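Okay, here's the structure, questions in a sec.
Labels A, B and C are assigned to the chains in the order they are written; within every chain, residues are numbered from 1.
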Amino acid sequence: MSSYIARRLLWAVLTLLAVTFFTFLVFFALSPDPAVAICGQTCTPDRIATIQHQLGIDQPFLVQFGTFLKGIFAGRTYGEGASAIACQAPCIGHSFQNGEDVLTMIFGRLPVSVTLAVGAAVIWLVFGISLGLVSALKSETGWDRASMVVALAGVALPNYFLALVLQYVLVVKLQVLPFPSSVGFTEDPGLWFQSYLMPWIVLAFLYVALYARLTRTNVLDTLNENFMRTARAKGLPGSLILRRHALRPSLTPLVTLFGMDIATLLGGALITETVFGLNGVGKLAFDAVATNDQPVIMGVTLFAAFFVVIANIVVDLLYRFLDPRLRTVTR
Amino acid sequence: MSSAGLQEGSGSQPLLRARSLVKEFSVKSEGGGHKGTFRAVDDVSFDVYPGETTSIVGESGSGKSTTARIIAKLLEPTSGTLEFDGADVTRLGKRELQAFRSNVQVVFQDPFSSLNPRHTVEQIVSAPLRYQGMGNPKDYPRIVKELMVRVGLNPDHSGRHPAQFSGGQAQRIGIARALVVDPKLVICDEAVSALDVTVQAQVIYLLRDLQRERGFSYLFIAHDLAVVRQITHRVAVMSKGRVVEEGRRDDVFDDPKDEYTKTLLAAIPRINPEWDRARIAYEQLQMSGRPSAPGGSGALGTD
Amino acid sequence: MTQVRHPDEPAQTDGAPLLEVSNLSISFDTREGSSTVVDDISFRIDRHKTLGVVGESGSGKSMTSLAIMGLLPKGARTTGSVLFKGEELLGRSEKWLRKIRGDQIAMIFQDPLSSLNPYYTVGLQIEEAYLAHRGGGRKNARTVAIDAMRRVRITDAERRVDDYPHQFSGGMRQRIMIAMALTCEPDLIIADEPTTALDVTVQAQILELISMLQAETGAGMLFITHDLAVVSQVADAVHVLQNGQTMEAGPTEQIFSRPQDPYTRRLLAAVPRIDEVVDVPRPVFGGVQ
């Protein structure tokens, strides 16, 4: 098993390397003169020249890439002398526009994204799975069809539309919620909760739909399995049959999906954050794209990729543990 | 193509000669990532004579299916040789393989998964002719219909799809498909195992009849020894990848030498032979008493 | 059999059968109308005795067994009567049937791999049947499970009780299914093709095991199979089904040595014989299947 983990970690490293390489390549190829872009709105030719030198863009591509990689492990200094800018390890870039290390910026925004992701996750797990379960048990009835229509709506309606509708209904019309404000949990828990409620719902809506459908399908499949027939033939109580024999085979596949979903969200829920004005990693990316702050864009991309790769491994190991048939297999 | 007189011990040269076939699969064992090899087929040798049937029997995991795939050239053996019609066919190039396939065909166990469900019977049965570039495509419909009649299918159904047939009928489609190129050897890989017993009996009869008529050979893979006894001339018994006993049918069945063969034969459930004898006598009595008894005359009357 | 589970159960007379099926019919509503899968069949099973129900595919034999247990899929309609120890089983509530299932009537299915839940240990799956009907603690149930596994001759039962289904061979898994079925000492065992998916050497062992256990417990058995050779060895009486209808029924020896029905005769003649080559007369292809 340990050799398996070792191999997976190696693959993860290689994947991250490849992602970094291609991201770097894309930004390298796309920007004719990154210095101009990085310099931003308030620019002078002198500043451009300084930045050019600091970035070392006179170097060949591979050297630049190598420098970047080194920076991830050992930190990096842009330029030298008086105008030198230090970027602390691990350095995934430095925003010249904001004068901050990208990683610092990300960490500053991370709590918001995490709060958003976790809160939404709780909602979508509880509601999605329950909805799917009930639909499966009452399949082909009115309830089932109704909930599947809701599920379809969740997939079809764009995030921002739902966000605007919710805000209009709950904040403006019914006035049950205030406009979201960026207040910390420790400052005012009540307001904090009220602020996050709508973003949580909006973000969760899509996933509720997906998880409901998936749960429904899985449960229906499981109910048709031969071991369900055996459980009934043993005269077990209905609730036990459901709890024990139906749920586990149905829900275990969802674990992998959930891991990946939440990892992706930790890299920022771009639209939801932007619509609600939440300062998360997603909004950071959005703003960076708007101002063409390339180091930030690239940094966020790498950060998100890192999460996904790690989540992939964790989820894979977890799944192997949860399915007894895979525990003795190393492939 | 000798059709008459399939005497035991024809003394002719084997049509197919398998010698010391080995097939290894690499297996990663648990925990350590240490690679081992698993020998599915371990030094297997047997012969198939012209116009005769050689059966390979064994339980699950015996390696008989893997062996069949090697003979059908769907798998490459790790080592060993294969001789067909006097020529070495162990490793074949693309064109030689095509020629090989015009001489060696396969009938698989489940016609509903081995025949393309989207094709009509005519497409399925004429496909080998097309691939081999044999005959005139204009003749294909006629050839197919003739073959359908021969295997007991209604020729008017040549435009139907496999799913529209019963299990036994679909298997006949597979048989027709195998025979259309006039092969010298037909590999039957558990070809009757999935059929109901009355249908199975009819298909066994058909296979035997076709062999008598056209003189080709069968390599018959099965786990049911009773079925094998009805159709085979030679038997090779496999266990755990090895051939534990091999010989002519009556020798192996009536006088087995190997312990495993003996165990296998002893384990097979049998209908009490006294009951059988009583039944046959009883039926004959009834027949002679009422000569035109409906359906009572033969074992396989009409339905 | 010494349990006193039904204090008001009438004293078992020799005439009263354990299971009496009368005019059982099962049909399904399909888009094209109603389709009958079992048509007016009747039979009885006594304690200590085995009834073999044989038929080819589509004969309705499996449906019959499911009907007795009340396990038919949704949309099935049953008419007729199924009396178990004098009590009618058809039309009973799911709750009522659950008391009987696994406790007084147990079922052994064909494919032991898919019939066991891969996510739980075999011990748990044996225990839960016992716990559901007899109660008691987990510890006691575990002892029962280990004993049951020993009874079906699984070696090293103490350790293997915590193993998962995929860690056993096909034959062992079927032994586990049998162990599961016997935990509550049922009066009736329904075995639906219990050895079809097994190698023939394993089949012989399992059949012997089933016979032995039946003799020990005095249970009645309904043995469903397509294999006539097997049924000739295990059954006291045989019931031949084709397309949901009874073609012939009677004591085993009578069916095999003096079959009356043309289908029965055809069936018997078609069974390949291991001990000889039977040159089957040419069939008429007009009615080919």
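Please note the rule applied: a contact is a pair of C-beta atoms (placed from the backbone, for glycine too) under 8 Å apart; a residue touches a chain by one contact, two chains touch by 3 or more.
Because the structure is a prediction, the values reported are computed rather than measured.
Trainee: Both chain A and chain B are touched by which chains?
Mentor: In this structure, the chains that contact chain B and also chain A are C.
Trainee: With chain centres defined as mean CA positions, report which chain is farthest from chain B.
Mentor: Taking each chain's C-alpha mean as its centre, the farthest from chain B is A.
Trainee: When all chain pairs are ranked by how many C-beta pairs they have in contact, which pair ranks first?
Mentor: Chains joined by the most C-beta contact pairs: B-C.
Trainee: So what's the Cα centroid distance for chain A and chain B, whole Å?
Mentor: Their C-alpha centroids are separated by 56 Å.
Trainee: Using mean C-alpha positions as chain centres, tell me how far chain A is from chain C in Å, no decimals.
Mentor: For chain A versus chain C, the centre distance works out to 53 Å.
Trainee: As a quick test, compute the distance in whole Å between the mean CA positions of chain B and chain C.
Mentor: 33
Trainee: Do you know which chain A residues sit against two or more other chains?
Mentor: Counting only residues that touch two or more other chains, chain A contributes 328.
Trainee: Okay, in this complex, where on chain C does chain A touch?
Mentor: Touch residues, chain C against chain A: 69, 71, 94, 97-103, 106-107, 109, 111, 114-120, 128-129, 132-133, 164, 166-167, 177, 180.
Trainee: Give every residue of chain A touching chain C within the complex, in rising order.
Mentor: My answer: residues 225-227, 229-238, 240, 244-245, 248-249, 252, 323-325, 328.
Trainee: What residues on chain C touch chain B, complex-wise?
Mentor: Residues 56-57, 170, 199-201, 203-204, 207, 226-230, 232-233, 253, 256-259, 262, 265-278, 280-289.
Trainee: How about chain B: which of its residues touch chain C in the complex?
Mentor: Per the stated touch rule, the residues are 59-60, 152-153, 166-169, 172, 196-202, 204-205, 209, 223-227, 229-230, 249, 253, 263-276, 278-279, 282-283, 294-296, 298-303.
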